[in-house]
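As structure tokens, here come the structures.
Here come two complexes built around chain A, the first alongside chain B, the second alongside chain C.
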Partner chain A sequence: MDLSRRGFIKLTGAGLAVSSMGALGFGSAGTALAASVRPFKLTAATETRNTCTYCSVACGILIYSQGDRAKNVKSSVIHIEGDPDHPVNRGTLCPKGAGLLDIVRAPGRLTVPKYRAAGATEWKEVSWDFALDRIATLMKQDRDANFIAKNGAGTTVNRWNTTGMLAASAASNEAAYVTFKWARALGMVTFDNQARV
Partner chain B sequence: MTNTWQDIKNANVVIVMGGNAAEAHPCGFKWVVEAKIENKAKLIVVDPRFTRTASVADVYAPIRPGTDIAFLSGLMRYLLTNDAIQHEYVRAYTNASLIVKDGFAFEDGLFSGYNEEKRSYDKSSWDYELDEQGYAKSDDTWQNPRCVINLLKSHVDRYTPEMVSRICGTPQDKYLEICKLIATTSAPDKALTSLFALGWTQHSVGAQNIRAMAMVQLLLGNIGVAGGGMNALRGHSNIQGLTDIGLLSASLPGYMNMPKDSEVTFDKYMETKLFKPLRPGQTSYWQNYRKFFVSFQKAMFGSAATAENNWAYDYLPKLDVDGYDILRAFEMMNNKQMNGYICQGFNPMQAFPDRGKIRRGLSNLKYLVVMDPLDTETANFWQDYGPQNPSKPTEIQTEVFQLPTTCFAEENGTLVNSARWLQWHWKAADAPGLAKTDLWIIAGLYNRMKAMYAKDGGAFPDALLNLTWTYADPHEPEPEEVAKEMNGRALADVNDPATGAPLLKAGQQLDAFAQLRDDGTTMSGCWIFAGSFTDKGNMTARRDATDPREAGIAPNWAWAWPANRRILYNRASANPEGKAWNPAKPVIEWNGSKWVGVDVPDYGPTVKPSDSVGPFIMNQEGQARLFARGLMNEGPFPEHYEPFESPSENVLHPKVKNNPAARVFASDKEHMGASADFPYVGTTYRLTEHFHYWTKHSLINAILQPEEFVEIGEALAKEKGIEQGGWVKVSSKRGQVICKAFVTKRIKPLMVDGKPTHVIGCPIHWGFTGVARKGYGANTLTPFVGDANTNTPEFKAFLLNIEKTSAPPAVDVAQGPRDAQGVPKSLTKVGSL
Partner chain C sequence: MADLQSQDYIRRSATNLTPPSARHHELEVAKLIDVSRCIGCKACQSACMEWNNLRPEMEEFQGAYENPHDLNPGTWTLMRFAEYEDEQGNLEWLIRKDGCMHCEDPGCLKACPAPGAIVQYANGIVDFISENCIGCGYCVKGCPFNIPRISAQDHKSYKCTLCSDRVGVGLEPACVKTCPTGAIMFGSKDDMKDWAGERIAELKERGFQNAGLYDPPEVGGTHVMYVLHHADKPSLYSGLPDKPHISALVGAWKGFLKPVALAGLAFAAVGAFVHSIVAGPNETTEEDEAHARLEMEKAKREGSAKS
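Here is the complex of A and B:
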């Protein structure tokens, strides 16, 4: 039977035999209850395939979010579980991966750009334009003042080593590549990642 | 990883040393359990601590942190003296027979060519004797005393079982039991797999730890085969990808090198990258370097990279030092040699050694930019959080920006897992508040700076102004566009140089890196990713989990670099005639006209076995290297050096105690402790409930492991009068942590050179932001020194003292920073709960 997982859940909601619920240890009464409650919660949700953000076992996950991605509707994550089709984790998650929902919705998630002026004792919320304009200006000032076009021997070296960058370890390849292009085109050499720690 | 996660099930013996997979990589570790159940595999664990991995092991042996090379060199000695090596493999597939130059020597802890002042080697003697044609001389009979195998034998001869036990503190009987079990995998049809992680890399001899095990695997004939290999279990979800794409201090995408000052011109740069074969008829695939490089420059600079300007070689910065790694960056900040720093999803305040030095460094910056989904310690380094972060904001002149980013659930793209698979993931939800993708933020900075340079000019704007940026929306490139750019495409029609037959149409996505050209007619941002996003579509989004013969390959699930190959060096899974060493688990075999099997051949698909082309096609010899030539900084063979902070002398060569080629900054030398003051060995590690400094923001994980602690053995606890759960002060030369003690049976004193040696375990996960209780972070204690090749910090072996103390005073809530609601941020500090 060739069914997508979402389709499967919809079907189970429609009253088909719920083998996976049985496998999870629900008795027959529990099965009926689970079949009515669980699919109810998830059938209305959008299912998206993703990858655990922690270690590089890279377990497949299914993210359930509210909202059908219609325009002007902000969707939010309501449930995350292991992807049973994934050849490595086959549906399982470890204590880190099992807590993914709490990191997506962590109280420490940042929502607004903030700025702390030199010597200030607190953060100030700022606009994206303020932050990016100011950063670009600071970077250009530093680069123009300290860029090394030629070394002592007269060799063209085009390097900038007074501003540096640490690149992310959980960002996508695509974000990484664009970051690489920008940083190296500026001549940035103090450029490293988290491979070592 | 050379192999896949599922392939672990094919192993006969699994060794976990330098890692703790059951706790750090649980869903990958279940393939070890599968191997035990289905393949009757035996599991060996060697670790200072009786970990959860050890708890399911068939044999466990303790080891003193930082002495793995002694253990592994002893293991090599055991295999060589007991003739437990895979002879045919070693002879045909390694450089065992090649003859080393006369000047090469090893004496009193140093290899030939050492310069004490520079703390580095002149490596010219670490090479082969060449014949008139420039090929390495070889003696297949192994009679010549200077052939690699004989030099190796004499090098490891000092590592007798007595010596191993004296250095490592491992009981001799346990050590020999492990040697014996590992030796069984020298049978051609048996495989050992090595699973390791930061437990091997985070040492001043980290790279040589791994090399030593790789040599063991070569002697046993276990590289390239099913159930074998060297399997580095990478830490973060995309650290493999970031490394592949060259976001590393001395790298370009696809493991190419940044130009150096000495490589004055493009021709000079290429001169060091000719990779002429060192044995007759060998592939030496890096000979194609020029194609990879020119195609990369075309991806970066488009039509501004031309044959006339040497493909814009001068647009790339050159390095005047080996690399501006993280330790150098913070040393420079401390010396006021840096003005700006950008932390993208990275929290050096907790993640780097010697937090005091990190804080002082950040305080010297003019500006700091933090891009992160979470509120990190780094972004808040300037705030006064009491003893956990004693900063004085008014004295810190750093401008700090905190930019909120999306997390995995809120974006599309690929991540590379430990097994080199590029797996596409899809956006599931919108970002919270005003958070933005990294692509949007970097594009925002790029567009602003480009406009400023176009308008006002400034230092060398050419590279920035000519950077390719042909995205449909220049303010936020689509991940699909970028993925296609990394894969690469033809820029003009490309014809077969031999026959003239058309190969590629202009604009066509490349199917493989073999199509790359060095004449500017192809582009590819990261050549090893060529084939991942072709005209057939996004290969990384494939979701067919079919696994022929249940080999653990699943070739149509996502896409693996290079060329969708799942087991690296898989030609070595077959004997020289092309038959599988293990007929029950063949990977590829010669069928009379081509190589066929469950995986993509890591070899010319129609190269005949009789052509004697070696299986290690990236190497100039075509063979794997038991002798590393000049590729390692501290020697062509691994040698035991003590950690920079160690309670023991180096009993092999007292005058050369530590890695003689490791870089130590003068100011850090003063911050190294002696065993008289800090008598115990510290080591840091991760708990299964936490991931670095992220999950202390996740409520469920914070509940599971709420507060900072160290783990000590019962003997040490008794000696120091420390109770279970009691408060302790743990100190190193660099700082102190006050936290709870967890007294355990899992750590026992080791007898090292006749002295009992206690180990203190320091889980790393706490800090002063998040929902877990506030803590210092173990890196308050760790030393600022790294591996001689990679500069990975020595987090796994250093010196500590520990004293019983009383609970810290409850925090005075009138002091310290407050949150937006006016609640003191220090309210959940240690001692208040």
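Here is the complex of A and C:
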């Protein structure tokens, strides 16, 4: 920009005049008034009830995910907070629970079943079908080999002592009841729950 | 969009215009922090960062329970831990959730020179509108509680918004909702005062004779209040001001000096205009020009002699 000395002084004067007008309260009030608070980020998010993954208290949580479950959308979790209708925590969460979003997105989170064959050193990714079939097969083999139908006195006991089960704590009362019934129906004696940990 | 728009403003930084304030039957809200029920679990800190999508830098351990060691642009609320020994030698662990107090008479807003960078809504929330922030840091100086922090990334000021986006749609702030012991409560300011009254009576029964509510009148009351077991000595709680006050400089700068400076500006402008009418521009005479030409030639000769 080619500016003469006189022109520069004129421009300085004009700048001063304009900024003085602003200082006197003639600023563009209208434009600034358009500013508002951050938009509420859950307005149209999908809300899903669930149980916290962590401890045995089993707090109810609300998982908010982006997208309305339309066919072409892959939902992803954007926010998690306490479920106010859940009798255990009534909306509250501890610091770990309040930070659950970061466990959902953690790069080290296990999201698929992995299998390490006997003698192998590497874990390899397998399908759920493979994992469940393998577990079922091994359980059946072990149960068939070691099931105790009657004790020494001839009383029916239906014990299966050689396999144990550790259930997760993130289960509702009903889910825990069903799990318990299932394990006991198989004759499993060694049965514990992470809720005791 | 949330509904807290300009019509909800009751104060706006660096503006002489009164905001429209059409919606004046707004409920005044308050957050009540019952220090005596806090266990220092930091769920509020965690929930605050989660809701506001903040993940501040990891820090080194500083030898204390505070984590991070101080408020920063990504940590809008912080648990502060103080060990206090009373006259009988009993150790008390005083844990205080630090953060913006949302003053009725906000020092940050008074000090702010950027129009609309700090606003106060009719419900009492003091909010920073980052878009208008110029990052000058005056709010830091103006705050009686040392809360705002300037970001090194975008040079704008940040602090707790009292989750204005949640409150705007009828929800409680994230820290309040998560608090597992119920040490943080939220509701209308009147309800919170009533609640605090009951709790203080309870604390007094239990031997905390000086239990009381921290709602300092020096800043017109606050929309974040504390129930303290030692309300006579708030400074025990990691330096909570006994008598918070907005720096006298802010008052002088914005109250007394501003009109003086504006008068000075106006005087200079009027003076310059009058001068240009009366005296006109600086004219040179033929004599001056001739003298200047001589000087120039002399300088040129000297210059060429040197080289």
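In the analysis below, the second predicted complex is superposed on the first by the 120 of 197 C-alpha atoms of A that agree within 3 Å, B and C clash if a C-alpha of one lies under 4 Å from a C-alpha of the other, contacts with A are read in each partner's own complex, and residues count from 1 in each chain.
By our rule, contacts are C-beta pairs under 8 Å (C-beta built on N, C-alpha and C of every residue); 3 or more make two chains touch, one makes a residue touch a chain.
Source: prediction; values computed, not measured.
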Partner chain in contact with A:93 - chain B first, chain C second, else both or neither: both
Of chain B and chain C, the chain that contacts the larger number of chain A residues: B
Which of chain B and chain C A:81 touches, first, second, both or neither: second
Touching partner for A:193 - first (chain B), second (chain C), both, neither: first
Overlap of the chain B and chain C footprints on chain A, listed as residue numbers: 80, 89, 92-99, 102
Parts of chain A lying in touch with chain B, wherever the complex brings them together: 46, 48-60, 63-65, 67, 74-77, 80, 85-89, 92-100, 102-104, 106-123, 128, 131-140, 142-144, 146-147, 149, 151, 153, 155-182, 184-197
Residues of chain C defined as touching chain A within the complex: 1-2, 4-6, 9, 12, 15-17, 19, 41-43, 45-47, 49-51, 115-116, 127, 129, 131-132, 161, 164-166, 168-169, 174, 177-180, 182, 262, 265-266, 269, 272
Complex contacts: residues of chain A adjacent to chain C: 13, 16-17, 20, 22-25, 27, 29, 32-41, 43, 79-82, 84, 89, 91-99, 101-102
